[in-house]
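Accompanying notes for the structure given below.
To keep things simple, chains are lettered A, B, C and D as they appear, and every chain counts its residues starting from 1.
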Amino acid sequence: MSGDSHDHDHHSNDGAVHVHVHDVSFYLKVFGGLIFLTVFTVATSYLDIDGLVRPGTPHGAGGLNFLLAMAIATCKAAFVCTWFMHLKDDARFNALFFVGSVLFAGVFLAYTLNDTYYRQHEDRYQGVHVDPSTGERAPGGLADIGGSCEVPANCVSYNCEAGRCAEFVVHHEGGEGHEGGEHGEAAAEGHEGGEGAEAEAPAAEGEHGAEAAEH
Amino acid sequence: MATATAAHAHEPDYLNAKTGIGSWIYTVDHKRLGIMYLASILMFFAIGGFFALLVRIELMTPGETIMSPTMYNKAFTLHGAIMVFLFIIPSIPGALGNFFLPIMLGAKDVAFPRLNLLSFYIYVLGAILAVASIAINAVDTGWTFYTPYSTRTDTAVVWVTLSVFILGFSSILTGVNFIATVHKLRAPGLHWKRLPLFVWGMYATSVIQVLATPVIAITLFILIMENVLTLGIFNPQLGGDPVLFQHFFWFYSHPAVYIMILPGMAIVNEVLATFSRRKIFGYMFVAMSSVGLALVGFLVWGHHMFVAGMSEYATLVFSALTFLVAIPSGVKVFNWIATLYKGSISFESPMLYALAFLVLFSIGGLTGLFLGTLSVDIHLHDTYFVVAHFHYVMVGGTVFGFLAGLHYWWPKMFGRMYDENLARVAFALVFIGFNMTFFTQFVLGSQGMPRRYYDYLPHFAPLHGFSSVGALVLGAGFLVMAFMFIRSLASGAKAPPNPWGSAGYEWATASPPIEHNFHGQPVMTRGPYDYHLATDEELFDGFPEEAAAKE
Amino acid sequence: MSADTHAHEGHDGHGHHGPKWLQHHFETPIQQFESSKLGMWAFLAQEILFFSGLFVAYGIFRIAYPEAFAAGSMQLNKIMGGANTIVLLFSSLTAALAVRSAQLGKKDEVTRYLFITIICAFGFMVIKYFEYTAKFEHGLLPGIHWNPSHLVGIDAPLDHMHVFFGVYFMLTGLHGVHVLIGIGILFWIMMRNHNGEFSKEYWTPVDLAALYWHLVDLVWIYLFPLLYLI
Amino acid sequence: MENQTEPSLQLPAQLSTFAPEVDWLYHFIFWVSVVFFVGIVGSTLYFMVKYRRRPGVKSEPTGHHNTLELFWTFSPLIILFMMFFWGWQGFLQMAEAPDDAMIVRVRARQWAWTFEHPNGAIEDNEVHVPVDRPVRLVMSSADVLHSFYVPDFRVKRDLVPGMFTSLWFQAVQRDPGSVPDDAEVDPNRVLYTSQVYCAEYCGAGGAWGPNMGHATMYALVHVQRDQDYQAFLRAPRPLPCPQENGTCAVSETECSPEAAGSCLFGSKGCTACHQNQAGGPQLAGPTFVGLWGTQQQLTSGESVEVNEDFVRQSIMDPRSQVAQGYSPVMPQIQLTEPETNALIAYVRSLGTATE
């Protein structure tokens, strides 16, 4: 450590700033590479890699398209950092600090996932949205969307308990008039009081139960 | 040194170099900014302390004592939020760091003086918002703003979180500034192994400020948007995850604990070295333990959430890493004790605070072991045990460290001595009052008294009463201290450049320092704790009677 | 230390001998340059962590609700997103070229490149505007405003799809704010350059502004695939 | 309550199977801390006296001692690892409920607890559990975070809206309070009663009132012999009645529905949002004083008369009819038919009393 009282990389002793200047063509090449990678990543996104490997996975819901896209993005980011931002020629510490910040962001994501992803792994009652034995949906959650179970204007049959539209009009024309009627109906369906509602819940929540079990 | 200073007696100090209000408002002088920070944080310390007293008085007797439950919730929230965001976090870096970091580096100023000024005004803006929010219904969420309570309450959550969001940028900019300063503005001869430990501590703090604070900014921004636009990220009613908020919050707020404590430790290094006339034992270990704490501090936030419904895997990792924090903390304490060994120890008030720090921080640290241990934490979590633990670290640690620094550097900052006897009376009151208040709370917590309770069951009454009396003693101690300092400003004896006989670099300049700190560029030829290399004139500048005795 | 503290006293302690852009507390231009760069990189590091919160939110909810996120992503316009990516990459190129010209002391070239960068930034915001208005019209909004009237590729909205749009609007909105701030900074630097404040010896502010702009680009490089492509 | 437990100087009574282990580890850490603390403070004091400043005596230059440094850097790791490991083991035990654990469903809201037993029996702010049997609580919150905390059992777990959380415990006999196994079955016999706290801050009411919010979100765990508990589940549950000392309790003498309703009004947590005192401050929900028989404007634009049907509907399905000017925030509350009737009677008595 001796002798590094200033950790500047002294390029010369005159105290003035000296840098290596790249050619314009160099920057154009980097840009060309970035454009190529952009086109390439858009092209691969039309490819249903998830579906090919594990048939039935909705396009984009698996992990492989995601990994490929992230790998390409990381390449592009590396191009920008190294050459456009001159990290290659810059002081080492700057690169270290910047990369360090990305690592900390990674720690942030990894540790948080370590919680949210594994919540119900040890105990099936822990952290689930649907009670695995009764099928009851956890109160205080999505079921209460909007507070008063407001029916979206274009929904024909709204399930208040699930906070979800059971039957949906994609191109509706002025369904506001129905709102009052639908509302009452849905409410009556959703809240027949205590045990009744619970007994009914498993059927309505079957899909969710399955979804929860999958995790 | 005395002669050198005399030769330049014609040069005005930083307080007199320029005059007029404008010279303060637009100043880019790190020392003046330090003073402005000091005045602000002391004001907020007083306000935060006022709310603390309200809380303790309410809890003095069971049932309603002086206020309603809603008022009480607002009082403890404001106490926490003001103390954390407006006092502790900016206290040492903003006030003492700004003032002394460049001087200790032999620099004329911080790397970005205008950014420093901007950072101060961002702080002021955030502070004004926070205070204004008290007028518009205040806030009753606790300083942690946990969702979904913070998305449901009708208090001014948006205002207060916006204020904390803004304050965060002040903290970030200070951190950026200090990092660049420490790297690039060190005087010739001041290599990393000679860096004063205060600078090491501030450096580690700055790294956390830069890397952790933006996360609280984005967290609170999402929270504000959750309130204003509704997003469904934290709000469970919209499919969000309230526990996710806790991860976000503690990703900042745990490292923030080190933003608070590291500067306190940093000051204790300086004070212990000066008053035992000895270089800190294991200098490099102490310096590295600061950096180590800063980095490990990022990996343990989940220990605030052991009962929050986290996955078992996450609890495992977080608990294991939490114990690692004990290592660098222990290294510091052991090295401090070893520093006293074969020293020449005197007991002026800064040293009393530093020694009290040693004792109180040890209690704070050791009780942390209980809380890091999973099964024991289940019982102690969210009880008064936690309250006592973090007050031992934050008050017994940071505030005592801050007070040590304030007493230590007061003559340098203002060029005036204070009444040492009065300072010791204040110290005694603060030390006794603090322990009465908070040691009691360890007992309350282990018996199962939960936090943030307006009322309590009858069998907790004696301990709560005792704790409240302690808080009054603590408050009285601070009043005596305030009186002592104000009197020093008004009529204190003129301070010599080096009243404590320290070998630290900052004592080589005049008291108060001249506008550009030193005459020309200083060159460091010895470390800041090399008492055996320092000349007698340097060291006994402030103790003429001792110098005479030696002759 | 004592004697040496004042070793350099012989120099005039205050009056500076350096050029006028050298601030009084720096000894040499390289010290000032490297301090500025380090400061800027530290600032960029905090930007990374500032955005990290939203990326983490994205990651958590994407893994929790993969179908909803895939369906949400399907509602976005890949062509517009791709066009914006290219616009932003191009602006990054011109920003880098502006720095190069600054290093060579070519004042007019710097102004020209910065101007193109700013035009591209505006172009980005215009495309973003059209995207946003389309989303507003279709009711693809976060939280309680969620009221989809037009969906691509699916018959009915899924649970938690509005969470995707919550994250989408936060990420792109915050990025957009950064673009707007970037426009301001680039414009300011362009005017300073126009006034002849920079030279072959002193071009640090151009470099710093470009660094900031590249970061805006970097964030978008990740936003584009995360939101539009998968 | 004469059977209520009280804490000792350090730590409360040990009344679950977890408690002895947790306490053992607590005391282990405690004594380790005491040793370290005495060492730290002792050596500090010793050095302070021995090396106090004396004229003519200089400090000695600081040396290096890397072995010493490495020793005190790494040797504490052993003790720390032991603490971590035992803590982790204890935690795992608490995390994994036995498969045969009896499930009690816990519902929390601001600021009341409701417990549902396996047979559907409901209790408010108190719960009877059998001794020596594992009990698993499956918990949920309707509004904000709460935390179920029984110091005597050393258990605590947050309740998070939108998801379920779970904890389990097995209560054990308490020495003086034990009852012979062959004693006559009595559904009302309680071995001891432990305090339940809400440990996660959950706010306070909009005003002064009987309900202080978070700080009074108490509940009681009544531990019974298994046979007594089974009998308790089967026993008919009379409504609580006001007692002479101002509290409410289930007693031999029956009372009017209005009186029972006034008790339920408190125990079900209605006081959090509904004012039942004339001249009291406005809370989050409509004030009941003088409400009965009036016309009420709803958010849907309709106007209805406040009568038995309307009140019943509002209790059973709170969000179906929301009065103008109020938010649809009232949670659904588990009630039996007699309880509902008693509450309606109470609301009616409030409404007509001051008119």
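Keep this in mind: a residue touches a chain if its C-beta (ideal position, glycine included) is under 8 Å from a C-beta of that chain, and two chains touch if they have at least 3 such contacts.
From a predicted model like this one, the values you see are computed outputs, not experimental measurements.
> Tell me which chain's centre, taken as the mean of its C-alpha atoms, is farthest from subunit D.
Most remote chain from subunit D, centroid-wise, comes out as C.
> So which chain ends up in the middle if you average the CA atoms?
Centroid comparison flags B as closest.
> If you tally the C-beta contacts for A-C and for B-D, which one comes out higher?
B-D
> Averaging only over C-alpha atoms, locate the centres of subunit A and subunit C and give their separation in whole Å.
21
> Round to the nearest whole Å and give the separation of the Cα centres of subunit A and subunit B.
Centres of subunit A and subunit B (C-alpha means) sit 37 Å apart.
> Counting only Cα atoms for the centres, state how far subunit B is from subunit C in Å.
Distance between chain centres: 33 Å.
> Multi-chain contacts in subunit B: which residues touch at least two other chains?
148, 183-184, 189, 211, 215, 236-241, 243-244, 247, 309, 312
> At least two other chains touched by the same residue of subunit D: list those residues.
95, 143, 160-163, 165, 329 - these are the residues of subunit D that touch more than one other chain.
> What are the residues of subunit C that contact at least two other chains?
Residues 27, 31, 34, 38, 42, 45-46, 48-49, 52-53, 56, 60, 64, 144, 159-160.
> Which of line, ring, star, complete and other names the graph you get from chains that touch?
other
> Among the chains present, which pairs are found to touch?
Result for touching pairs of chains: A-B, A-C, A-D, B-C, B-D.
> Quick one: which bits of subunit A touch subunit D in the complex? Just the residue numbers, please.
122-123, 125-129, 131, 133, 138-142, 147-149, 180, 183-184, 187, 191, 193-195
> Can you check the complex and tell me which residues of subunit B touch subunit D?
Residues of subunit B touching subunit D: 64, 68-70, 72-73, 140-142, 146, 148-149, 152-153, 236-237, 239-243, 276-283, 285, 306-309, 312, 315-316, 319-320, 323-324, 326-327, 330-331, 333-335, 337-347, 355, 358-359, 362-363, 366-367, 369-370, 372-379, 381-383, 443, 446-448, 450-457, 459, 529-532, 546, 549-550.
> Write out the stretch or stretches of subunit D touching subunit B in their complex.
Going through subunit D, the ones touching subunit B are 6-12, 18, 21-22, 25-26, 29-30, 32-33, 36-37, 40-41, 43-44, 47-48, 51-62, 64-65, 68-69, 72-74, 76-77, 80-81, 83-84, 86-95, 143-145, 147, 149, 151-152, 154-158, 160-163, 165, 195, 197-208, 212-216, 329.
> Enumerate the contact residues on subunit A facing subunit C in the complex.
6, 8, 10-11, 15-17, 19, 21-22, 24, 27-28, 30-31, 34-35, 38, 41-42, 45, 58-62, 65-66, 69-70, 72-73, 76-77, 80-81, 83-86, 90-91, 93-94, 97-98, 100-102, 104-105, 108-109, 112-113, 116-117, 142, 145-146, 152-154, 162-165, 167-168, 170-172, 215
> Which residues, counting only subunit B, touch subunit A once they are in their complex?
It comes out as residues 148, 183-184, 186, 188-193, 211, 215, 236-239, 241, 243-244, 247, 251, 298-299, 301-302, 305, 309-314, 317-318.
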